[in-house]
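Below: a set of structures, written as C-alpha cells.
Both complexes below contain chain A, partnered by chain B and then by chain C.
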Partner chain A sequence: MAGQTSFSRIVFNIFNYGFLALLSLMALFPFLNVLAVSLSNKSAAAAGLVKLWPVEFTFASYRFVFLRDEFFTALGISLERVLLGAALSMLVTVLAAYPLSKEEKAFPGRTLYAWIFVFTILFNGGLIPWYMTIKMTGILDSLWALVLPGAVQVFNCLLLLNFFRGLPKALEEAAFVDGANHWTILWRIFIPLSTPVLATVTLFTVVGHWNSWFDGIILMNSPNHYPLQSYLQTVVVKMNTSTFANIDPVQARLLSEISDRTVKAAQIFMATIPILLVYPFLQKYFMAGIVLGSVKE
Partner chain B sequence: MLSQRWLRLMPLHLMLLPALALLLIYSYGPITGILIAFQNFMPSKGIFGSPFIGLDNFKYVWDLPDTRQVLTNTVVIAFFKIILNLAVPILLALLLNEVRIKLFKRSVQTIVYLPYFLSWVLLGGILIDILSPSQGIVNDIIKSFGFKPLFFLGDPNWFRFTIVATDLWKEVGFNTIVFLAAVTNANPSLYEAAVIDGANRWKQTLNITLPSMLPVIILLATLSLGNVLNAGFDQIFNLYSPQVYSTGDILDTFVYRIGLIDTQYGVATAVGLFKSIISCLFISVSYFLAYRLANYRIF
Partner chain C sequence: MKVKRLQRIMLIALMLMLVWITACSKAEENTQSTQTIESSATDSPSTQAASEENTNPLGKYDPPITLSTVKIFSAVDKFAPGETPEKNIWTDGYLKDLGIDMKINWSVVGDEPGGAGEQKLNIAIASNDLPDIIPVNAKQMKQLVDNGMAEDLTDAIAKYASPLLKKFLAANDGLALKTGTFNGKVLALPVPTASIDTAAMIWIRKDWLDKLQLPEPKTMSDILKISDAFTNQDPDGNKEKDSFGISLSKDLYTGGLHELTGFLEGYHAYRNLWLKDTNGRLVYSGIQPEMKTALAKLQEMFKAGQIDPEFGVKDNGKVNESVISGKIGMFYGSHWNAFWPLPDSFKQDPKAVWKPYPIVSADDKPAIPSIGLGVNPESVNMGYAVFKKGSKHPEAMIKLANYYADKEYGWETGGYNEEFHQPNPNPDGYGRWRFAAVYAPDPDQNINIYRGVKAAVENNDQNALKNLQAKGNYDIYQKFIKDHDQGSYGNAIWAGPKDTALSILDYYMNNKLGISDMFFGSKTDTMVKKQSTLDKLQLETFTKILMGAVPVDAFDQFVSDWKKLGGDKMTQEVNDWYAAQK
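Entry: the complex of A and B
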C-alpha cells in the first residue's frame, strides 16, 4: 500500500498510535496496580499511595503466602485436575472426532452420531439436574467430578472433525490398500498431520481446566479439596475466610508489613503467572486454529 | 464381504464409545432430569418418587415479584454485551490495520488479549480491589479530580454499566484478533486499483476493508444471537451483591440462589428449563442464519 504522507495522514497516525497506546495502558493498568499493591507495605497501600509502582517495596505478602499451606494445596489439586482433565478430554475428543469426520457413505450412522453430539450444545438440563446427575454417579468430592462431566468438548470435537475432513482422502485410501486399519490411520496419519490444531485445542483445554472454579465450589464438599480458582473465589471474591486465621508466630512477624489486601493481591498475581507464561503461545496457535478450522468460508 | 466391511467399521463405533457414554450420562442424564421441573422434588424420594405437580413450579416463579426484573436484567445486559463486543472489536481491528510498525501492532494485540485468558475469579478480585470506593485506584483518580467516589459494584445505577464495560475489557481481544485475520483477507490488488483511482485511506477502509470483513462480521453477529439469555454467570456471580439485585440479578444467578441456596430444586429447574428452551430456539435460529448468510456449517 502506497505510503501517503499527507498532513491529514500524519494527524491521523498521531491520534491512532496515541489512542491504541492509551487503550493498551488502560487494559494493563488494573494488573499493574494489583501487582504494585502486592509488593507494597500495608500502610502505603491503605493510604492510597500505590499507583503503578510499589511503595515501601516488600516481598512480605508473598512470603506469607509461601508460609501457609492453603494456596499450594489448592495449586496441587489444580495441577492434578489440569493434567488428568486435559489428557482425558483430548483422548475422548480426538477418538470421537475421527469417526465423525467420515462421510455418511463411508460410515453409516455418522450423521446420527453427530446430531447426538450437537444436540448437547443446543439444549441442556440446567444447573440442578446437572448437579443431581453428578451426585447420582457417586463422584462428588473427588477429582473425577472435576474431569468426567466436561470431558467431551463438543466444540473442540467439531473443530477437529472439520480439520480432519480437510486432509487428503488419498492418504487414507493408500493406507487401506497397504492393510492399515482405522486405528493405525488415526494414530499414524491423522494425528501427526494435525499437530497445530491439536496443540491449539490442548492449550485451550488446559486453560479451561485451570480457570474453572464453579464446579469446584459446587461439587467439592470441603474447601480443602478446592482447586486453586475455587479456593481464590472464597478468599478474594466472597471474602468468607479470614486471611489471618490460625496464624503461627513465624507468620505473625510479617503482620507489620502485610494486610488482607496485599496478601490477596499477591495471590491474584501468583495465579496469573501460569497464564502469562502460556498465553503468547496460545495467541499464536489460536490464529492457526481459526484459520484452519472454526471459521469456514 | 459384509462381515469384512463390518470388521472395518467396528473400530469407528468403538472410538465413539467413550465420548457417547460420557455424553449419555453427563449431558443426556441432566436432560432427563428436567422432569424435576414438573415435580415437587424431594431429595429423599428422588426423581422417581417425588410427586408430579404439573406446571405449578412455573406458575409459582411467574408470580414471584423478582422474576420479570431478572428477565429484564438478563436481556438488557446480554444485549449491550453483544452489541459492544461486535462494534468495538471491528473498530479496533480497523485502527490496528492502519498501524505500520509491526512491533507496536503485535504489542497492542497481545496486551488487549491478556484478560481473555484469565478467569472471572481473578478478574473479579482485581476489579473489587481497583473499583473499591474507599481504597481503589479508580476512585482515587476520580477523587483527585474533585468528584465524589462512585460505587461501581454497589450502586444499582452503575452496576450494569460496570458489568458491560468490564466484560468488554475481558472479551475485546478475542474478536479483535478474529476480525484482524479477516482484514488481511482483502485482496491487495484492490487497494492498488483504489489508489490509482484516487481513493484516500478513508474511502479504501469504507469500500474495501469493511466489505472484506463482512462475512466474518455476519458470522459472529448471527452466532452471538444464541447468547441473548447469557448475561454472563461467572462475571456477575463474582461481582454482584444483594444491593444490586434490582439491576444486576440475572437468570443464571437467580437459578443458583433458588436451587442451591434455598434448595427449591423444582422451582430452580423450571427456571433453568425455561432458559434452555428459549436459548435453544435462539441458537437454532442463529445457526440457521449463519448457514444462510455466511455459509457456515457446524459439521
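Entry: the complex of A and C
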C-alpha cells in the first residue's frame, strides 16, 4: 500500500485513467453519432454533415417512427419473447444445474450427463437440421420457435452449476437432517443464496433474446411476426445495388427514401433504450456473479 | 406442507406446459394434413379438364386449383395498410379471373444477393420444404435442376404463353430463355429484363465543367483532364483542396454506382466477361492486357490524389455523402442513379446540374459498354421462376405470367389495369405489383417510356402516351419543368427527352453499342468450386494495384495465379460448352 502515493504510481494512474477514458469515449461516440443523426435534418444526414451534434434539430424522424405500426408490433413481440424466453430459460437452467452439481455418489452417471450437455456446446447439427427439427415440432412461425429451441443455455447452466458446488456442503446436510428433500433445498437454500449468479445469467439470457435476429427471419413466415431486431435488420440492411439495373420506375422513386438515415437512426436508438435501462441495475450482480461462478473451491 | 404444495404446483405447471406444447404442434400438423388432402382432392378433376380443354393463355380453372409460392420483398417495398402478401389485388384477381387460389407459404424482406431471402430459400431447398412456384436466382436454379426438382416447362410455354409473353421472352435473341434451358428443356421461366439497363454511363456536374471552362468528355484523356481539374482547381469554390476527381467505392467494379466498369471499358477492358479472342476461342476478359493499361492509369490518378484514399472502406451509401455534399463531381454509374443519389444532391444544392454522358474511349475504336443477358441471374426475387417437379398444373405458372403481362402492359388487349401496379392516387409511394406470384415485365419497358416521353415532348405526339407508363413519366416531367420540385427531379433526369439517363441508353441502342457475355450456360463445375476465390483474388489484386500498394506488374503475377488456381480449367470448360452450342 505504500506505493499508493509514489511518483510512478501517480504516473501510472494518470495514464491508466486516461487510457480507460479514451476507451469509453470510443464506445460512446457511435451512440452519440446515431443520436445526433436521428435528430437531424434528412439531407444534412445524407450529405454526411452530422458528427456529434444534430444539424437543423428536428423530431421528425421520431414522429415518423411513432406513426408506424410495424415498429411497435415488433417491439411487442420482442418484449413477449424476452419475458417468456427468460422465464422459461431460467427455469430449465436451474432445474438442470441443480442435479448436475451433485456428486457422483448422490447422482450416479452425473459426469456422463454433464458431458452430454457440454457436447452440445462443442457440436451442433447445423442450420438445416435445426430448421427441420423446429419445423417438424410444428412450432414454426410462432413465438415458441424463438423461445423453446434455445431454452437450455448450457454455458449458463455450467456457471450456475459451479456456483452451486461452491456453496458450503454443510448447509445441505443440515437441511437433510431437518427433513428437507431436494426441492426444499433447491428453492429455499440454493436459490436464495445464488442471487448474484442468477442475476448474471438472467441478464445474459435477456440480452441474448433481445439481440438475436437471425432466428426471427428464418423461423417466422411473415415480416409481421418479426421481433424487433429482425425487423430492424430489414430496415437497416446494407444496400446491395447490383440488382438495381432492372429496377421498376415506381420502385426507383422509393430509392431516395432508403437513404433516409435519420429514420433508421431513430429506430436503432429506440431499440437500444430498453437494454440500456436494464444494464445499470443488474451490473453490480453482474460482476459478482461472474467472479464467484468461475472460481471453484 | 408448504414445500409439498410448491412442489406440486411446479409439477403441474411443467405438465401443463408439455401438454400445451404438444397440443400446439398436433393442431398445426392436423390443419396441414387436411389442407393437402383438400387441395389434392380439388386438383384431380381439373387436371383432366385442363388436358382436354383449350389452351387459352388466360383460361380459368373451374373448380379453382390451389398453388403455393413464397414472396421475397425488397427493403424498398412499401404496401398500403391492409394489403398483405396473403391477400391483395393480385391474389384476388388470380382466384376471380384464373381460378387459382394462391397460397403464400412464407414471405420475407431482403432480396439482395446473400440476404435474408436467399438464405431462407436455401434452407427451404435443403430441407425440401418447397412451394409449387419457386422464385430463384441462377445458383439456386442450378441446384434445383441438378437435383431433378424442376418441372419441364417447354410444352407449357409453347402451348400457353400469350403473344405478349412470347414477345418479352423473344427479346435480346431469346437469350434469357436459353439461360433457363438445360439439355433442350426449359426448366425455369426467366424474368425478362432489359439487357441495356446494366450499361455504364458517366455522370458529371455540368455546372462545374462550365465554371472551370472544361469541354464535355469525348475521349478518356478528357476524362483524365476533368478528374485532374475537379481535384486541383477547386470546383466547389471554397478555396480548399477538398474535392476528388472521380468517385470510387470499396466494390471497385460492381454495384452500378461509384464503380469502374465504364472506366475500364474506355480502355476496352472488361471485368468478368467471356469474350472471343482472335483465334475464335472464348477467353476471360479480366486477365487481358487492356486491363493492365487501365489499372496503370488508375494508379496514377490515385497517386495524384484524385481518388478518395479511404475508398477501400466506403460503400455506395458512404460515397454518396461526398457526392451530395459537393465534394465529388464525376462518377461512373448507371441509369438508376437518377433516383439514387442524385435527388439528394439536388435537394442539398439545387444549383448542382448533373448530366450523363456515354462512356468514352481511349483510342479511335468506340467504347462499347457491357450489357446483360436479359435476365438478372443474381436476383432471388426477379431472376427465375421454377415449377416444382411433380406438382400439378405447370401451365398455371405460364398463365400467371400471361396474367402479369396483361395487367401491366396490356394497353392493346384492354387488360391493363393500373390498380394492379399501384394504388391510384398514390402519394405515399405504395407498390402493388410486387405481390404478383410470377413476374413477366417488358424488357423494353424503360426505353419505351423514354421514347414515349420524347415523342410527346418534342413532337407533341399524343399517340405515344397510350403507353401509360410513358404518360406517367411525361406528367412528372412537365411538373418538374413547371415547379422544379425535388419530388419530380428523379423522374425528370431519368426519362426526360434530352441529356437524361435513358437518353444515354437510347443512344447505345440506336448505335448498336453493347457487348454481352458469350458464355450463358449454367456455372461449370470448376466455377462452382473456384470462382468465388478467383473473384476475390481479382478484387484484392486490382485494389492493391490501384492504391499503389503493389506495382502495376503485379497484374502479370495475378494472371498466372488466376490460370493456375482453376482459371485454365474454367476456360477449357467454357470452350467445351461453346463448341457444343454451335
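The rule we apply is simple: the second predicted complex is superposed on the first by the 244 of 297 C-alpha atoms of A that agree within 3 Å, B and C clash if a C-alpha of one lies under 4 Å from a C-alpha of the other, contacts with A are read in each partner's own complex, and residues count from 1 in each chain.
Criterion: contacts are C-beta pairs under 8 Å (C-beta built on N, C-alpha and C of every residue); 3 or more make two chains touch, one makes a residue touch a chain.
This one's a predicted model, so the numbers in the text were calculated from it and none came from an experiment.
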Return first, second, both or neither, reflecting whether A:Ile139 touches chain B, chain C, both chains, or no partner chain.
second
Classify the contacts of A:Ile128 with the two partner chains as first (chain B alone), second (chain C alone), both, or neither.
both
First, second, both or neither for A:Pro280, with chain B first and chain C second:
first
Report for A:Thr195: first if it touches chain B alone, second if chain C alone, otherwise both or neither.
neither
Comparison of chain B and chain C by chain A residues contacted:
B
In the overlay, answer first, second, both or neither for which of chain B and chain C A:Ser43 touches.
second
Just chain B (first), just chain C (second), both, or neither: which does A:Ile218 touch?
both
Touching A:Ala180, do we find chain B (first), chain C (second), both, or neither?
second
Looking at A:Gln233 after the superposition, I want to know if it touches chain B, chain C, both of them or none. Which is it: first, second, both, neither?
both
So which bits of chain A does chain B touch that chain C touches too?
46, 48, 127-128, 131-132, 137, 148, 181, 183, 218, 233, 237
So in the complex, the part of chain C that touches chain A is made up of which residues?
3, 6-7, 10, 21, 24-29, 73-78, 81, 84-86, 105-116, 119-120, 123, 126-127, 129, 193-194, 197-198, 254-257, 315-318, 320-322, 324-325, 334-336, 338-341, 343-344, 347-348, 372, 376, 378-379, 382, 421-422, 429, 431, 433-434, 441, 445-446, 449, 469, 472-473, 490-491, 494-495
Using the touch rule from the top, collect the residues of chain A that touch chain C in their complex.
43-44, 46-49, 69, 127-128, 131-132, 135, 137-139, 141-142, 144, 148, 180-181, 183-184, 187-188, 217-218, 220-224, 233-235, 237-259
Along chain B, where are the residues that touch chain A in the complex?
8-9, 11-13, 15-16, 18-20, 22-23, 25-34, 36, 47, 92, 95-96, 98-100, 104, 107-115, 117-122, 124-130, 135, 137, 140, 169, 177-178, 181, 188, 191-192, 195, 200-201, 215-216, 219, 233-234, 237-238, 252, 255-256, 259-260, 265, 268-269, 271-273, 275-277, 280, 283-284, 294-299
How about chain A: which of its residues touch chain B in the complex?
1-4, 9, 12-13, 16-17, 19-21, 23-24, 27-28, 30-31, 33-34, 37, 45-46, 48, 50-51, 91-93, 95-96, 98-100, 102, 107-109, 113-114, 116-118, 120-134, 136-137, 148-152, 157-158, 161-162, 181-183, 186, 207, 210-214, 218, 229-230, 232-233, 236-237, 261, 264-265, 268, 271-272, 275-276, 279-280, 282-283, 286-287, 290-291, 295-297
